[in-house]
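Below are two complexes that have chain A in common, paired first with chain B and then with chain C.
And then the complex of A and B:
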């Protein structure tokens, strides 16, 4: 990877743009926070300023870390995340107020407010974001810890299945209890395993992409090279069977197959992946009641309005009621939908912020994903390309799985909506994810090391000799 | 690796594109369906979130709510209560989160719920000023004293009372028994609502049915008013002698027609129309019906409103029927309100009101005023002529005299009110073999410049059973209601 692939245009860090956008995102989130109070009680809540300042401080700190450790990173990534996260806390607070209201009316004890906790998790997340940028100065060095990552990732992934440690919440066994808090280790495992996949596939990509047999017009890999993909498939099935978690299972398998495809440039891997997916889906549908129930509910949710389809139907009702412009923050009844704070946070957005809000959120996610993929494209080393592509695609797939599920596009599987959903593991992990993407993006956009000054380099470009460019 | 990365980028865009399309599908295309789906709890919360307007009667200091919403502390912010209770239940109906609504609650829902366009300007200003959006009120024409008297009179009986102001058509009383407490159906607890509803359905006497407008009955001898009106409009006079045999042979059948209790009318051969009316002679009116022919009688009945399916109070009113294609024998039976003649109590009150109002029937109405939440008037009563000259003023005057004599010295003496000339006609309608007849009274008071017209029906003669007659059972109830209106 010694070749020079010059970044488009002059190398500019655009950190100022990032700061401006961050402050804008913070202001928008603070406005939303105030709007919730106005919608619910008719007054601007007293915590608005504190919330705005707290969030602002966090993001300015994150920005300073970026300025210092990853000065050439994409300036759009962090503001998009900040806006999503700020909005998420606003929504969690809005739902807190609703459940507190309801508890008071029913004469029950007011449940714990989740918004302050979410703010704490955000703080930890931003802390880890900074830590990753400071510690991981060069992402390629992560490849050295590939097998450590693999072992840790697998352990975390299968931990909830162990008796004594794991906890079953809402029918899925994917949490572990650490004292008073529950952690969803599969979120962290996701990133660790991606680091391993990237490193593993880069080292094996030649054999995986070249050795093949041609059958019926497509290049099929040798049987013994199927090992890794079969391994991922088996692990996914294990997650599915033991932990009853469709979403995570689907996510892992999808990510792995796509990373395999990126590494080898061979469509056959996609086809094999799809075939395995179709086969296991079909089998799972006929073997497992909970899979069957999900599919049946998806096909005709209104038939199950009062039982298994209640959540989906109420979510659809909420979004329909919101219409194009929404009821306004604090004016709807998003708490009608079970798990509105976590899996169904999009339904709350749809109800109170309308189609406009949903589209804005989707566009923000799309921006992050496409910017991440762009970083992967322009990155100069294979490991960075593969990890960047994998992380970006993981984000896209996760958004697709949960938003598609909530809107009825695909069968519903419970995964969080990154940064928006309430949940510590999710927020923290996704900050690590974005930190890695920014690290890769920094490497991609950083001007190539040059003995001469940039202006001199530009001046002498006309005279520069042609160089051998290896396909990256 | 760039080629697959670019493809993945395109694939991601496709995924997001699908999500955007699906979001549009849910929030634009299907939005209206979802927003208004009855299973959408938000519809319910929204409905109960604003104060539903009251249903009130009386004016000034006598203004009182018979249905109103009160603030609660549970998730549904307002609870519907019915201070009018069972007395007014046939009119108000109920507003239930399980069983929808009935009565005025249903017919005037747009105003009460605040969704009516006439409230739109206020709603917008409420929205802008952040004021609580409330529904409008419905003011009814009911007279509190008359309604109470009607309900009291019907206590322990199955029946209905309708009292009208003959000059305007305003409904002064509309009672039906057995009744029910609508509050039991408008709680916020679906389980208790279901239990209450199931219980009401299992009770004898169908308490949820408003007999004043929803059921039809054979009118019995009260129909003789219409037969007499037909005769007087066809050249007869009150003093015209008509045949009054003790037994009237029904042509084409082996059956015959006798008088109540087998009595003889006058000399058993003939008597004046007025006299036959006063003593309610069945054979004389049976013969009269055959002499007049079904077409003339039907036309007269239709002039009073028979066969009109568009009548509403605003609650829809069941059609009163004078049957088609009658044989001569059936003409005789129909002329005395038997065979397949069917009427609602409201229809018979309209007949009495038409005669009281010089032959012109006013359209009956229950809503006197529609008010905005600040009590400003949005809409006044529609006083409309229903049938101009259903009978001529002259015929109306003749009928009035004949009906007065019924109360003075005929079958309806129990309806007398001291110091007031009361006009009326009793009815004792057989409806099934072996069952006690229905008792009827229709009439109005005072005979000169009437202010109240009434119809009273008691199913199966009430507690008197087979001894019941309209004069014994229904007339006293009518007397009490008319007295309440007259304030005597």
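And then the complex of A and C:
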């Protein structure tokens, strides 16, 4: 892990900057909320003030928790998340209004509005964010629960496959039904397994990086050390086959390979990972119909405009309509894209906020990832480095997979766009993820305790051996 | 038409504000990177260094023959570097050390590097397995010349200019 450890790094807590940016983000979200109403019928909707105040209160509470529990945490993470989430709720509401309109015109019953639910999920998410900061005072403690996390993660991952609890929604069996709500347990499993990966790799790093043979300039690991990566590969394939979920299995495999790479600094792990990925993709393409359909649609979406490619084509048309500056919130018709609230929310942004808006959203994600990686780089313990790197990369990979899918760069796989897409599990989990990143960045940016401080002096006295003191 | 103007103002205003937010965020990063003087960690007043030299903001000194960084050359942390300032560097497994060693043979508080007028001094803090400078065991504070190898367990550390 070649990293620049900078104990003399910025020691300013910058909490004031965070508060300012948070209030700005809230104001922006409220402006968006008003813009939807102005675009649709020329008036500022009555709920604007309530929405802004509610969201503002939520984030001020989160900010106070950060001030108390993680005073040196990165000041940018929370505001960027707040802005993305606020925009997400605005877009979900905008799509709610559109589907209500359409239902009214067709004389059908108005469908349930999702925006209030999303607001509730956001509240739960911020609550969990605070809870994680309060409970996890020291991220290295998490390493102690590595195997518990692994067991819980695997259980959650396999839960949807069980008959009775599992539910199939839109062809993918990755949901469980708890009373009236459905939960996507793989989201939480993702974080639990990352904690396990980080802890496992820190303890096994030497074996994985040192014992190797050199073949054609690449350090190949010993066959028996391939165990963990093969296990991850098999597990992700199992998810793919049992639950028909391309996105999740791709995410899991990518995260594991990259964490191996971060831990060992061996390019060979990336090459092995890519080879395994290529092999399994090729096999999956020939074995499974749904994989084949995705690839065919990606290669030539317009050939399947009226069936399997409808969603992608409508999304592309939407973004094309938006152009550079977009149609303006409430002016386009993003609801023609199926699942515009979840997987295709980027198409809605592209249509109504244009390329400028899409770029802004992508830069916000890039900022979050950059700050996360920076926290991992400056963090002083290996577990924090690995977990921070893994969490940031997971976020980046997820954004890449869905944005690439929606824009037609790679075959479409259904994962959510973090904080923007409608979906409780995703929002809540990503708040936990950002809380862990904040915890790691707090540890990384905290000024190194000076060895002459009284507590350290006491501690070193305890560790010191007995010595004979000669009197002058 | 008035309303069309309002709609246009709202539309471009929202996009503009979005990018203003991003610019503010990027400015925050830049302020972090430019390395403003770090606020000193809370210290009891009596312990604060009194010499005017130490009171200046910590800044790596670029003089020939004076080490400016510490490089781990062997062991689990190989490749890690720590920029040396005017503050002592603690080495050990305890997670509040300046360089947290992941080495089974290192003690929690293993050794300490202290800046003196003539250079850096290595001090063993009563470790179980000892600290070595080159091939000799360090039993009293010893000056560390540039490029000589400090060995703690399986970890090897060098001071470089």
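Quick note on the criterion: the second predicted complex is superposed on the first by the 440 of 472 C-alpha atoms of A that agree within 3 Å, B and C clash if a C-alpha of one lies under 4 Å from a C-alpha of the other, contacts with A are read in each partner's own complex, and residues count from 1 in each chain.
The definition used in the following text is that a contact is a pair of C-beta atoms (placed from the backbone, for glycine too) under 8 Å apart; a residue touches a chain by one contact, two chains touch by 3 or more.
The structure displayed is predicted, hence computed values, not measured ones.
Colleague: With the two structures laid over each other on chain A, which partner does A:163 touch: chain B (first), chain C (second), both, or neither?
Modeller: Neither partner.
Colleague: Where does A:408 make contact in the superposed view: on chain B (first), on chain C (second), on both, or on neither?
Modeller: first
Colleague: Tell me the contact category for A:289 with respect to chain B and chain C: first, second, both or neither.
Modeller: A:289: touches no partner chain.
Colleague: Tell me which partner A:12 touches in the superposition: chain B (first), chain C (second), both or neither.
Modeller: second
Colleague: Once chain A of both complexes is superposed, is A:336 in touch with chain B (first), chain C (second), both, or neither?
Modeller: First partner only.
Colleague: What is the contact status of A:323 with respect to chain B (first) and chain C (second): first, second, both, or neither?
Modeller: In the superposed model, A:323 contacts chain B only, not chain C.
Colleague: Can you pull the chain A residues that chain B and chain C both touch?
Modeller: Residues common to the chain A contacts of chain C and of chain B are 42, 265, 354, 363, 370, 382, listed in rising order.
Colleague: Would you mind writing out the residues of chain B in touch with chain A in their complex?
Modeller: Going through chain B, the ones touching chain A are 1-6, 8-9, 12-13, 15-16, 18-20, 22-28, 30-35, 37, 39-42, 45, 73-75, 130.
Colleague: With touch defined as at the start, can you tell me which chain C residues reach chain A in the complex?
Modeller: Touching chain A from chain C are residues 3, 6-8, 10-15, 17-19, 21-22, 24-26, 28-29, 32, 35-36, 38-44, 47, 58, 76-83, 85, 87-90, 94-100, 102, 107-109, 112, 125-126.
Colleague: Which bits of chain A are touching chain C when the two form their complex?
Modeller: Within the complex, chain A touches chain C at residues 1-12, 14, 17, 21, 24-25, 28, 31-32, 34-35, 38-39, 42, 75-76, 79-80, 83, 138, 140, 202, 205-206, 265, 325-326, 328-329, 331, 353-354, 356-357, 360, 363-364, 367, 370-371, 380-382, 447-454, 456, 459-460, 463-465.
Colleague: List the residues on chain A that touch chain B in their complex, please.
Modeller: 42, 102, 105-106, 258, 261-263, 265, 302, 305, 313-314, 316-324, 332-333, 336, 350, 354-355, 358-359, 362-363, 365-366, 369-370, 373-374, 376-377, 382, 385-386, 389, 392-393, 396-397, 399-400, 403-404, 407-409, 471-472
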